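Structures follow.
The following pair of complexes shares a single chain, chain A, combined with chain B in the former and chain C in the latter.
Moving on, here comes the complex of A and B:
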């Protein structure tokens, strides 16, 4: 309480207290999303049409999976810029393994031609092993790139920004080199189902995203790894002296980030029914932006899966409504950028408020 | 002489806990006033209100007869109040002059450029008057702790502060630097400045102040002229009980079987050929001046830092290098000297802090599910046994606690592992008499349970009061080991200074 609060008693005070409660609530971003949609609804009633909702949701699942991976790294006070290249590289490798025919005119210059790829398709073309092997390889690529990032950051003590910026450039370029910048089509029907199919009335992508979100939530909030992850993000020196294997914790966070990026890559590739070397290369802003909007702190140690979920939902609705308003793409990016900036400012305001009302010294 | 500052019925609450409960007193102009009290008594809160860092919930202040309610430190500075914090607030990467002029850089002939010459020249005489013989352009990181403090004082004088608050100014100073500080305090007083001096070292308070104000549990429990009050009475007013016993009676004798054995531990430039052992049930004191290598040695023992040669073994089995984790598995615990940087997760709940090291013991099955309920209960029991003062240990963050209670959280974190060997590096630094006594009692209890304790301190009295043997270190080497019957302040100090050792 301050002298200001003492002056504002009565109704004004109540409004203030309610405002503070909303601002400090865990569900703040959710309230914000609802408020935003209600304000925009009169201008674009289409936003609540079943078609649009379906469209919005189908965009939500892959981004959510990837953003959750990013959350792990952000909590360690790191950042993973290489998620988009994980998506691209795993998309290409998955396609090379699973495709049932490749066009020599497009792909015969690929360094993989004749080794893993021919006009009869990829290594496992047409076999029942194509799908499981393809998926495993895609996930393995994500985990491997994550391990390389994590090792460089935690063991070699290199700055996360540079490490992952370099691996983003490097692996994105490898994906383009291997595919000669061509999309690889003719993927098995069973694979596309992951991105477009339903299990009963429920989209398979939704099921995968929910499984990942729930597991990530439990991992962060209920397990030894989760507790140690936060401790490492908040104070790595104190954590190390308290017996937390900080190096392993950080490496695992980057591996999880790579894994989630690969799963996101699977969902996107399946929806597009092709391996695409440029997959995800415009997605980085959305991934990090959704996390920041959700309230995941770039300084580390603070964040929850639920916040990421809200951040992703808000971000997707933001993009969607801006599209529905028929704005030009550059206007959309300007607005998105401003919203992320606002979110970052709001995060600072909220944490200061929280500190003041929890008795911490400012 | 007039009244410089007046507190009237100041109230402040944090998290439902009362920090200040109607504090009223007056400070006379040109006096040096000692402000003493246990940690958590409200000294820092009161001074933060005075310095504009916190706002009071109730009550009022007046300065020089006018109402005074600073809403930020700059307000306070404009009214001539300067606050010299325990952890100095200097930019170590900037020069002395830049630190002093940080709020008001002089510009070069109305350009946005800084007039460095003017800045440096104007400070020369000021630094000289403080006996700080450096050029104003010297970078602060090159200065010793005592010299840095003089820079803070210079900053206060430069802003023409007539009320200067010193918060525990001597904790990181050597004896010589402390003497110099006292000379300067005298000088400030003769210039007509009013000084508030916060300290846990009552001898200093007795020596340099005119009046003493005692705070306990947010209330003023003593207010008298320094000449009229003796130290035992000050302690009495601080803790609210007679305390002629500063140290608990040791309840058991050490055994013969060694727990920790250190053999010719060496790391060039830091420690050389260190040999000693800690036995079951023993409190082994380590005494040494700053820079004697005692902290560095402790860090090597625990595996935080590495070493070139030598061996460290626990219960006869050598300990791997550079792995705090295996040290913990073998039953070691380490209370570091800086709880803020290496002890606590400041914005995390108290129970989470206490449970951090023992987490693996509260995990089930393959995915290492944490049994939070059981862990919180256990942490609560530990908190109670340490008489932790907090309103809700499951929600309240560690940073909301006072220094002494924060230290208890760090100790609790290690007690929860039921340690075989507890290393404590300056565990009583900056905490009050009552909390100190509790820390000593914890050592005694652990020793009675057959654990070993390595107790590092730069206060020779407390080592004599509690230790079974004392190892004296100097320049990275063990100079001498004192048996209990040979304990003597002068002899220990002499050994630490390497005098009369042969």
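Moving on, here comes the complex of A and C:
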């Protein structure tokens, strides 16, 4: 072999190694996002305009919060399909507490009419307690539904898919029943600011999302709970034998998922300035899709908050750019579905490659 | 090093958003209008969609279409996305009156004129060009005709109304027009009208109409707040032997509102007594004229409510006014 051939072979080898490194890097999705945007930039230069970036990020924060909650559950090898109904139910209860005015023509048939709601508004209408009480109730509802899900999965050993599918249907129907399908408006300005306002130059939703993301990251990576969460997801039986209280760990994961869904519901309700019984009913694909794209394994035991962040950012940019390309809505959904499928396949390939190059050591 | 790189990329992405003052960047020459609709589930919306897009395209105006698939949040995001594209105006068919307010405020803050087609905002807190039918007056005319027909029967009649989504001001107006006539002739009815919620959804309407007919088999006057529910009504009444033509003893007095092709066909065949008609083509034209005038003048937040007075097509005036109803025009292939 000549020196030139050796050099070429060496270059090819280096490219392969670089490709492998990128593919196996935990920042792979971020690299992919940057690459994707650079490829699209000549076709849609507006993608990097300040207004669009602001727009993209305002869509990112609520989804990120909810997706982080889903990450906890996915790491336990579970799934939480009820997050959308948590959003809807907490949205309605929060609005019922905070609204300053309710139209009897719309809401007098609600079972809450005369108890928590009247033509003068909700229970705390016009008081300074409306916002804090409304937020607390919304988060409490999320945690409560999460605890019910977690108890059913961990204690009653019911399949997560069925448990959360049923609770999704049940609590979504309860939200519709309580509100008689009506949206509840006239929420306090201080509440709407959570979804649309700024603290100085920084959006309040960003601050909330960052607090939750950092807290979740620390919880997963720096605490005993985090280590036990992964152990439970990788092999629950082994974890149990090793003394991990898997039941409590799983229940807590679902409670966190419910909590995050409720916070996401707060942000979505705030930016729409209303309590909506159908809030989030088309969002499930986005939540789970963002996690899968980020590399959170549906088989459990693998995932990081940072990966969820990357997944959400990629997913939001994907939706945004498909919109900017003015594709039909069904084409957008087809593309989103295909990307999630590819991400799931890629996850399998990356896991196998990682296994091969680590010499079989996981 | 990796962490610094990641931090740099994320910071680069966030920085413009934090320091941006809003506004969009217009790139294309010529006028571009975004048409964002919640879905096209009824003949009325399909006809409105065609009228708007065809008229705009005929004038050489670029139209960007977005379908929110009945999701208010998605529609808000779509409107934000089209603002980014530097459109000159946005026309929406909102999911409901409440979300119309939120979306109109978004357009107001971006300085993009917004037009709301046929489903008006729940309040006037945001500036918008709104075209809306005078639902109350139109419903009143159609129900008045039914009341006159009911008087000819020489007995009391049991009325029922299929109510739309009361979060939609259109449904509220139609219900009000119905009750105006009910209250006008208190001795004509056996009792208070039976309300059948539909939420503008065929499945909901079907279930609730079936229950209402089981509980109140004596219903002999039915007003549907939208013509798109006629197939549902037929599927419930036919097995009960109550889907009969005018003149039959089992005929239920039927009236609706919209003026679509199905209603025209049923009225011609003698099943439907009266139809409140909103003129979809005139409404589309009114909105587009106002929108294009605002764009021409450089108005960023035009604010005007435009009304379609409509009329009632009845069995009595079919001969003269049939072709004034847009559904009959479609039926005739115009």
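Operating definition for what follows: the second predicted complex is superposed on the first by the 351 of 362 C-alpha atoms of A that agree within 3 Å, B and C clash if a C-alpha of one lies under 4 Å from a C-alpha of the other, contacts with A are read in each partner's own complex, and residues count from 1 in each chain.
By definition in this document, a residue touches a chain if its C-beta (ideal position, glycine included) is under 8 Å from a C-beta of that chain, and two chains touch if they have at least 3 such contacts.
In this text the structure is predicted, and so the values were computed from the model without any measurement.
**Student:** Could you tell me whether chain B and chain C fit or clash when both sit on chain A in the superposition?
**Tutor:** On the shared chain A, the partners fit.
**Student:** Given the superposition on chain A, which partner contacts more residues in chain A: chain B or chain C?
**Tutor:** When the residues of chain A touched by each partner are counted, C comes out ahead.
**Student:** Which partner does A:128 contact after superposing on A: first (chain B), second (chain C), both, neither?
**Tutor:** neither
**Student:** Quick one: is A:243 in contact with chain B, with chain C, with both, or with neither? Answer first, second, both or neither.
**Tutor:** Only chain B is touched by A:243; chain C is not.
**Student:** Please compute the chain B to chain A to chain C angle from C-alpha centroids in the superposed arrangement, rounded to the nearest 10 degrees.
**Tutor:** 140
**Student:** Touch test for A:352: chain B only (first), chain C only (second), both, or neither?
**Tutor:** It touches nothing on chain B or chain C.
**Student:** When the two structures are overlaid on chain A, which partner does A:231 contact: first (chain B), second (chain C), both, or neither?
**Tutor:** In the superposition, A:231 touches chain B alone.
**Student:** So, A:14: does it touch chain B (first), chain C (second), both, or neither?
**Tutor:** Touch partners of A:14: none, neither chain B nor chain C.
**Student:** With the two complexes superposed on chain A, say which partner A:274 touches: chain B (first), chain C (second), both, or neither.
**Tutor:** second
**Student:** How many Å separate the nearest C-alpha atoms of chain B and chain C in the overlaid structures?
**Tutor:** The answer for the closest chain B-chain C C-alpha pair is 19 Å.
**Student:** For chain A, which residues belong to both interfaces, chain B and chain C?
**Tutor:** none
**Student:** Quick one: in the complex, what on chain C touches chain A?
**Tutor:** Residues of chain C touching chain A: 2, 6, 9, 13-14, 16-20, 22-25, 27, 64-69, 71-74, 76-78, 80-86, 96, 98-99, 101-102, 110, 122, 165-167, 172, 199.
**Student:** Okay, in this complex, where on chain A does chain B touch?
**Tutor:** Touch list, chain A to chain B: 1-3, 6, 219, 222-228, 230-231, 234-235, 237-245, 301, 355, 358-362.
**Student:** Could you list, by residue number, the parts of chain A that touch chain C in their complex?
**Tutor:** 27, 30, 34, 45-46, 48-59, 105-106, 181-183, 185, 201-203, 206, 268, 271-274, 276, 278-283, 313, 319-320, 323-324, 326, 328-329
**Student:** Along chain B, where are the residues that touch chain A in the complex?
**Tutor:** Residues in contact with chain A: 13-15, 17, 48, 53-57, 69, 302, 304, 324-325, 328-329, 334, 336, 341-348, 352, 356-357, 359-360, 363, 367-370, 372, 396-397, 399-400, 413.
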